[in-house]
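Presented sequentially are two complexes of chain A, the first with chain B as partner and the second with chain C.
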Partner chain A sequence: MTNTDRIQELFNSELVVLNIGPRLFGDALGKQNVEVVQVDWRPLAGGDKQMQDLLADLGI
Partner chain B sequence: MDFKQQIEQANQKAAEILTGGRPVWVDVQPAGDVIPGMTPDTLLIAGPPIAVEEIPGPVKTAICGALIYEERATTMEEAWQLVTSGTVKVESAQDHDAACGAAMATSASMPVCVVEDKVYGGRGFCAVHPGNKQNVLRWGFYNEEVQRDLVWFRDHYGPALGETVRRMGGIDLINVMSKTAGMGDENHNRQPAASMYMALQMIQTMMEMEFPYRDQIVKEFAANDRFFLHVMMAGAESVLASVKKIPHSTVMVAMGGNGIRFGTRFAGTGNRWFTVEAPLIEGLFLKPTYTREDMLGFLGDSCVTEVYGLGGMSASAGPGYVILTGSTFADALQRSADARKVCVAEHMFAPIPWDGSRGFPVGVDARKVVGLNILPTSHGGGTLKAGGQGTMGSAKLPLDCFKQGLVAINEILINEAK
Partner chain C sequence: MELFTILQKNTYVDSLASLFTMSVLMDSAGIESAYAGMATASNRQTMEELGLADDTVRSAGENDFVVAVRADSREAFEAAMAKTKKDERTNSIGKTSFVTIDDAVRENPRANICSIAVPGEYACEVTKQALNKGLHCIVFSSNVPLEQEREMKELAREKGLLCMGPDCGVANINGVAFVLSSINNRGPFGICGASGCGIQHVAAFLHEAGSGVSQTIGTGGNDLKEQVGGISMMMGIDALENDPDTDYIIVISRKPADSVLQTLLVRISQCKKPVVACLMGVDRSLVEATGALWANDLDGCAQQALSLIGKEIAFDSDETLTQMARQAVEGMSPQQKYVRGIYCGGTYCDEVMQTMQPVIGGIHSNCPLSPELRLEDSRVSVGNTVVDSGEEEFTRGRPHPTLEPTMRLPLIAKEGEDPETAVILLDFILTPPEHIDPAGVTLPVLTKAMEAARARGGKIAVVCSVLGTDADLQNADAQRQKLRDAGVYVCRSNRQAGQLAAKIIQMKKERDGR
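And now, the complex of A and B:
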């Protein structure tokens, strides 16, 4: 079975989707009656690299 | 211990003090007699330190009014000259474990509430609340009526309150808030229940005492449903006085605005303020003709109540205020929920039934604010550039204050490790 076949098989099975971050993708699937679990995730420090490095030392 | 462990240990101590402190209103005394570092040449104002030439109009009026009241000058111009010449020093109240509401300037002979933390020994101070009228120093006005009120407070009203609380052996502020739990106070912008409960106790004692103008004093005191605010500001300062002494802690110990800049202080960074341009307090304009252009930036120290876990932090306890200022009940719950995510502890003296019987989050950790990118909310009243209150509402705490604080505490830890 090729990788393409595996992906195709996935789409032929019943999908349960874990959507991380932006809700847009999950919402689109939800409208197609796909079961979606939204994970409320945001990048640490809003993606600010300097703060991410600081927090690696200072903890959170 | 690595940096993280040092901070965790320090923040644990901060959490213990914030939730274990017991602020008790013990006295009313002239500011100059009780506030550490206060002299006849000191005036205290709200927010982070500010250069004299930047002081906004309403605060300038309050400063000059206070100096005339103190008989240091006879005109506003003469008073301002004392400030610009450096004869009189204008300092940040929170650097003295004190707090100033809005445009208030506190001078040496003004009566201040003295609150003592009976567990950790700190003391905090705040001028006696002047009542609900706009024509007060607190809102940046000075004229004959304000002068008469200041003298009345100094000579009669303040001393009578002091005598009452001394005779009562002090008033436990945690007890007041516990007794009034669930009555709709968030205890920054709304505190009628706490004020009334305190009056309920105090008036009994007042009526047993003999002091000049007693009936007038009782009447004035009982009519002020915001009285508890300034007592609680002193209460917050009394507990924070001990938290300020914890090295390495990333917990916020001061915040306020001077109308131009908004600033925060953290326990582990000593007396340094971390400031940004003061945000507006937005929500409800008190007159339909007011606009954003009429408003000064965040002005006042009453948000020390938030530093102690009240106001925007305990928004779920006072949804009426949140709704009145243009938001919703869900917003009120969300404000407290957000605060819980970035705080190190929770007050449990007044659990809120409609918020899962949760308490008030307290002790904002700069690491969590920056890391989770969640900004707590402060409630507040906005000051007009021309003086007076223009809005009631809220403001998000500026993220950059917390980022600056983290950089500073990291530098301290690196230097100590060398």
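And now, the complex of A and C:
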């Protein structure tokens, strides 16, 4: 059995949610009076695979 | 046709908001094609392929938002753009937003969970970043390779954090409905499931019976596959067993892989709390040998759970459904023969075909129960047909029909015009983000279909179910009443909607002596 202490801690806490992606989902949480932090995520280097590989090679 | 483009420098619009914009544009008069999105390299490439790129698009950078529309005239383009402005959604999140998880967590150290909806190819990387920041994760992203799913879940297990998904649309944590979940009362039942629709279905019945859920943990549909090994399911059961607010545990899944099934059955047999197990397609004897209550389907699962607290669901009896079918058939013309289902939910689409097929025979579909029943064209029905309008051929460039039910209206209208349609069969699934009135937005098309059938000397029966609760922002009861007032048969569940539709078709066939 896994140690579930951190999950129990979550169940006993007030939620503060990072919404990563479409705001619509964060808005829906906001309407339920939940504290939401929005992350307007976009792919690194605009989704350019070659550039991403280059950045990864550079440790970025 | 002329190409019009708009460039908004340094403006971020997320992918779903872009889809809504695109959807409005494509539905506007005089518009041939449209694209809206951030001018990333891949989006610019798509616009080139669609013939929607000009120098403005080509010169745009990845931080710019672009709209390109091929329209009849400037007037048509401007009218369509005006409609997108009208449809812009209000934003209840604060204006402050972050670009990276690191920054967001640094500024908000109390953050404890995150909801992730990024393209599948990036989901693993983003989820691992969040787990490494100590956040529990709900991952809505789909199309994540199974080996990446395993990687994410192994990291979560190592850290003792929940990783719900990928492909998890339903989770209700501490009474908060995430992504596409309904809003539920809290109560003694903890649900851990690999089917979002299944979790939502059972939770809605618990809510309606005056009970509720402690937590609902969605694992994502692939969790119980061999390659993933049921990591989230096992952790979910562990967590619910240790949760003092959970008295009973409900486990929902389609048939797990054999090796995972063995582990799951052992885990259930060791559980210290009563378990209801709805493992579709698994032998009843195997489930009952664990000491769990066995459920054959989602309705049965809700029923078994409620039996633990001495309650019962008042499903419509066979006699009642027969009576309803008899009334529905009255006034139909001999030409009317078939049921035409247009579904939002994949699980429900499957369930309704499973329910009807033994009674009325093979059902054609874009997601058929057997390959020979696959529709050649998903937009052209053959005999008895049920389509899943959430499949890719319908959602390309549009939001999912659960969020944007207007996308299935043309499909419903088409079935209404077909003189062979006897029953239009639908599901309505309520979710907090959108749509705020799925019944209201669908009714004009349904009313028109019913009127057209009458004008042809027949009568169309519209049969549906509504999944949701009275705590949902749309209020499931109000949605049901609105449909009933318009003459729609609103059933207790999707399975019962299938039973009624099948009875109507069968009775009609007998009446016509076919």
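As a working rule, the second predicted complex is superposed on the first by the 36 of 60 C-alpha atoms of A that agree within 3 Å, B and C clash if a C-alpha of one lies under 4 Å from a C-alpha of the other, contacts with A are read in each partner's own complex, and residues count from 1 in each chain.
Going forward, a residue touches a chain if its C-beta (ideal position, glycine included) is under 8 Å from a C-beta of that chain, and two chains touch if they have at least 3 such contacts.
Just so we're clear, the structure is a prediction, and the values are computed from it rather than from any experiment.
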Touching partner for A:R42 - first (chain B), second (chain C), both, neither: both
First (chain B), second (chain C), both or neither touched by A:T4: second
Partner with the higher number of touched chain A residues, chain C or chain B: C
Set intersection of chain A contacts, chain C complex versus chain B complex: 42, 45-46, 48
Residues of chain A touching chain B in the complex: 42, 44-46, 48, 51, 54-55, 57-60
Chain B - residues contacting chain A, complex: 2-4, 7-8, 250, 367-368, 370-373, 403, 406-407, 409-410, 413
For the chain C and chain A complex, residues of the former touching the latter: 12, 14-17, 38-43, 61-62, 89-94, 96-101, 104-105, 107-108, 110-119, 122, 126, 130, 134-136, 140, 157, 159-162, 173-174, 176-179, 183, 215, 234-235, 238-239, 242-243, 245, 403, 431-434, 473
Residue ranges of chain A in contact with chain C within the complex: 1-8, 10-11, 13-32, 34-43, 45-48
